[in-house]
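This report refers to the structure that appears directly beneath it.
Chain nomenclature is as follows: A, B, C and D, assigned in order of appearance, with residue numbering initiated at 1 for each chain independently.
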Amino acid sequence: MEPSSRHLSPSLLTPIVILLILACMPLVGSRFFIYLVSGILVTGLLATSLNLVLGFGGMYQFHHAVFYGTGAYCTALLLTKTSLPAWVAFVSAPIGAALLGLVIGAICVRLSKLYFGMLQISLGSLVWAIVYRWYSFTGGDDGIHGIPLPSWISGGKPAYYAVLLTVAVCFFLLHRIVESPFGRIFQAIRDNPVRCEAVGIPVQRHQLIGQVLAAAFAGVAGALFVVVEGSVFPDMLFWTLSLEILIMCLLGGWFRFWGPMVGAAIIVCLRTYVGSYTEYWTLILGVFLMLIIFFLPDGVLGLAERLTRRNATASST
Amino acid sequence: MNRSICKVSAILCFILMLTTSGFAADTIKVGLIDCYSGPPSTYTNDVRDAFKLAVDAINAKGGVLGKKIEFQTRDTKFKVDLGIAAAKELIMKENVNLLMGTINSAEALAISDICKAEKIPLLVTFSKSEAITGAKGHRYVFSFTENTAMAGKAAAVGLSKKPYVKYWIAGDDYEYGHAIGNAVWENLQKLNPKVELLGQTWWKVGEPDFTPYISSILAAKPDAVIVATGGASCVPFLKAAKATGFNEKVPFFMHTATELSTLQPLGLDAPEGVIGTSNYFFYYPQTPENKQFADEFQKAYGRPPKVGALYGYITAMFLKKAYEKAGAVDTEKFVDALEGLSVDSPIGPLTMRAFDHQLMLPMYMGVTKKDPGYDFLVASDIVTIPGEAVMPSIEDIQKARGK
Amino acid sequence: MLHVENLQKSFDGFMAVCDAHLVVSKGDIVAVIGPNGAGKTTLFNLITGQIRPDRGRVLFKGEEITGLAPYRICERGICRSFQIVNIFPRLSVFENVQVAVLAHQKRALDLMKPARNQGKTETERILAGFDLLDQKDRKAGTLSHGDQKVLEMAIALGNEPDLLILDEPTAGMSPEETAHCLALMKRLSAETGVTILFCEHDMEMVFAVSTSIMVMQQGKTIIQDTPQAVRASREVQEAYLGECPNAA
Amino acid sequence: MAEGIALQTILQQLLVGLSRTTILFIVASGMSLVLGVLRIPNLAHGSFYMIGAFLAYSVSAAIGSTMGFWTAVLVAPIGVALLSFAIERGLFRHLYDREHLMLLLFTFSFTLVFSDLVKLIWGSDYRSMPVPEVFQGSILVMGLTLPLYNAFLLAVGPIVAIGLWLLTQKTKIGKIARAAAVDREMVDAIGINVQMIYSVVFVIGCFLAGLGGALVAPTQNITQGMDHGIIMETFLIVIVGGLGNIWGALTGALVFGLSHAVGIMVFPQFAIVIPYLAVVVILMFRPRGLLKSIW
């Protein structure tokens, strides 16, 4: 396979094959395995939505989890507090998250790099503080659990298929966006915002649209979390979760579309596997992150690509 | 293209390898989920250690029905989401026979929901919200600790004798805080209609600094304060009370204030004259069983047993006797056997009420006082309120469950 | 086409541009020359909106564009290349020019259609014009300095501008690259009729290609006239060329 | 309930709020210094604060109360400074030319590692450090009762502020550090060992975090969760005050501490929301913070 110079985006065939493997997995996997893989898919979607603005947009998205939490809480509150049909609650998640993305984005997008990230953390923390302390409405520190899910998606397998379908659609859309003119110009802004402005692109408006899109997809991930877990917690809005997702993008390789998905799979598996043997999971995650930063700057996929390129050139010379 | 497939299948089989169980085969598998980091661990460590003490003794004598009892612990860091994740993992991956644990009431309720769906018994050892066996009670949840309703009734009995009229309620803004606050207030109003509520303050769980809250309560000049704090804030609140002289200015009641696990970390720095209710003192009642249990625990862990130790120990006793009565390691038979079962414990015989699966524990009400014999404060002029007197009535529970 | 009237800009008291005048008519090739620090780049930044002027006006095709955002000015048809190479290093050469083409065709907000073949024909036409077509898929960051300067001009052309502003296009280029660039500018002006405004240090090139020359010193416009008149004028010699040995 | 509170109690609340501001200021000025000069948002700053508190606890428990307190307030920050020096020399040094994001994530990895290390070393159960006798009880200030220890804190705050101001404005290292903040390559080019400047600034910043931790130890319980909470507050204070600006950190701490104290009194349930609200409102109008940041 001739190593194409552009970053490796697999043809349409590979994702379809992977989709088939995942689709027939529940027939053979144990219940816990299904629950785990649906958790990975949700986290993967969240990490890839972050990567839209982080890896491809070059924006320091320090508090992406606030959109994830907002989407989850929109769905949870509508399902528990109102008698609206379930699909309204699920659709409200991306819309609510996108609205929040618009508001926070409009304020933050005037700034660049470090300032953008720090301002976003403070705005996000305000949302966290409100949800965390509004005991009567959001259940405060206890969160909301035992959320009544409609029968067709409650339970291990149906939830898994609902998640798989939605995540597949979202990945398809995200891939199209990244490969679309919007995505191409988004990457140009990442490389050189001044030049983009000079070439006739309203950079701030473009970045704002990027923020709204990423927030909407994070909102979908939030709704899927409610489908899988049946409960929501204020910790979903806390900044430490945002940085954990950032780690997933870094681990997978943030200049590749499938990087965050790989990163999410590895981190979720590690957390579950290590978590059952020792209480000191955060210590291991910390050391693991240090090793990645030192020895694996462009992530697992970057490494994989370097290896394949090295043995590809080796075999072709 | 083939490289992407081998990447994904590598990850999938890595996950598959993950689902192997951590338990040895053919044992009674117990999953203990609790918070072992931060302030609550002063209580939960005792539950785990006493449970281990009892389980080792049982296994030494051949286990139950020929099977050894084995348990794994999970640390939830007082967070509900980690609690739920641990419960799901233990049930689905380790397929435990029963779950035990958790001090955080909200966690207990969340895990109770899961156990109801998965038909796995949950033995609650420390969270005290009355909803656990009351409004949200179901066939598979059993509580081995008193709950807020019982504490409320006991406190109301004690406080109604006091001359205070204007009260203030302050506490942790989470499930337990609100449950204990309401329980004490409702029962107090029934016993003494003259009482009047000036206002309430709710701070976030694990609030580091209480001084500003205390000064704002003092400003309202109440006769007495009902402090509804849970495991995370009992000790820090008493510390702030001593620093600001809160206990000299205004008498206050706090459930579990007189307990060793709350007073020991503060040593002689704890405030005196605080009214508190508790389930267990290793120095009261002076019965031989209590002394033997206290010495055994002291010998094993080098520290006197606290209230958590009582809960851990009696849970193991009930577990053993219920399985023996059931005759097989079968969940349905185990649940039926446990209902109405009674076991003799370091503080006398205790029975599990069949209707709502709530253990009928006696309550000791006392006031904190310095004692030359110990380097921590102890409870003095203790009044024992028998278990039956504090249990919520069956009608209350049926009303709460909306039958 | 472009009128600049007594533009002024100072940074913390330092008068970078204090009284600049410039007139560029359609189809011209106008050069702005002057010693280092005369304010040439600042003047260009003021015209294309990177910096806002303190005083003065900029009119393009009769419409005032002073202080507009750079992307609005570019939409009106003024495009520029930068003195220090300012391209998209991580994108390929094709993608670099394609970004400008997409922006010009207002396709920036199209979310769905794959961008691979969007604006392919225009981009390849421009690349062919600058004979960069063979390096189409190479990452822009890996090009040589000369090629990057050429790519810089190609990107500016992506917007099919009416007025092309080049900030020292041949800086850091070898002699034959400079000659190549000279020929390119001539061909562009002849074929597409695009008006070019550029600043340069290479006197030989300036007098060879430009139809009008504006001389600046300490932020002031000294003279704007045809090359012959500028070469002959007294003030320019003292201010800029020093004692010119073969004063005509 | 709000209108019943006399002016006297409002002043009382503000006074209590002020003493908390001192702690916030000391920790925030350390973060602002590191952020201003090295341009790294040091997320591990909270962990150094927590380690400072735990070290102070161990020292005061070992030596006894009055003397113990003073040695603790001295030894704990120095211990933290040594730890930060080792980390900076050993690991941070190789990363300075990397992207901001890598450095930020690297400091986050320390937050993760330290939170568990502290649990390993000091165990998970409860720690409390007694207030030294000399500061027990409270004094009357203009008719308001102010715990003596809070008064001590109110005195420490300005001392640290002036000390820092002298360090950055008057000493040679301070001047070079401010120059390095604006243009690192230029300072490098004229032959100054920027690496040394960076490690000095980093160590001072962490010293302040450790000092903040040691001073707060007697007032509240010392647990693992301290680092996550304080990080958010210091981040906000530094942004509001202006990056790298010492007086900015002071104004930010005042804004945060006072709005928190008022919040408790007026709207106790949403007490922690009000400081965030105040910060966000300020940032909307002055995204770069109230005072000028040094870069």
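The rule is short, and it goes like this: a contact is a pair of C-beta atoms (placed from the backbone, for glycine too) under 8 Å apart; a residue touches a chain by one contact, two chains touch by 3 or more.
From a predicted model like this one, the values you see are computed outputs, not experimental measurements.
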- Message: Touching both chain A and chain C, which chains are there?
- Response: none
- Item | Closest chain to global C-alpha mean, per-chain Cα centroids | A
- With centres defined as the mean of Cα atoms, the chain at greatest distance from chain B is chain C
- Computed distance of Cα centres, chain B from chain A, in Å: 37
- Taking each chain's centre as the mean of its CA atoms, how far is chain C from chain D in angstrom? 51
- CA centroid of chain B to CA centroid of chain C, Å: 76
- Touching at least 2 other chains, the residues of chain C are none
- Task: Name the residues of chain D that each touch 2 or more other chains.
- Result: 119, 269, 271-272
- Message: Please output the residue numbers of chain A that touch at least 2 other chains, ranges allowed.
- Response: 132-133, 135, 279
- Query: What graph shape do the protein chains here make by touch: line, ring, star, complete or other?
  - Reply: other
- Task: Throw together a list of every chain pair that touches.
- Result: A-B, A-C, A-D, B-D
- Task: Sort out for me which residues of chain D touch chain A in the complex.
- Result: 39, 41, 43, 91, 94-95, 98, 100-102, 104-106, 108-113, 115-117, 119-120, 228, 232, 235-236, 238-239, 269-273, 276-277, 279-280, 283-284, 287-288
- Task: Mind listing the chain A positions that touch chain D in their complex?
- Result: 60, 62, 107, 110-111, 113-115, 117-119, 121-123, 125-126, 129-130, 132-135, 238-240, 243, 246-247, 250, 279-280, 282-283, 285-287, 289-290, 293-294, 297
- Task: Going by the contact rule at the top, pick out the chain D residues touching chain B in the complex.
- Result: 1, 4-5, 9, 12-13, 16-17, 20, 119, 124-128, 130-131, 136-138, 147, 149-150, 219-221, 223-226, 229, 260-261, 264-265, 268-269, 271-272
- chain D-facing residues of chain B, complex: 36-39, 41-42, 45, 173, 199, 201-204, 206, 208-209, 211-213, 215-216, 219-220, 235-236, 239-240, 243-245, 265-266, 269
- Across the complex, what residues on chain A touch chain C? 4-6, 176-177, 179-185, 187-188, 190-192, 194-203, 206, 209, 213, 255
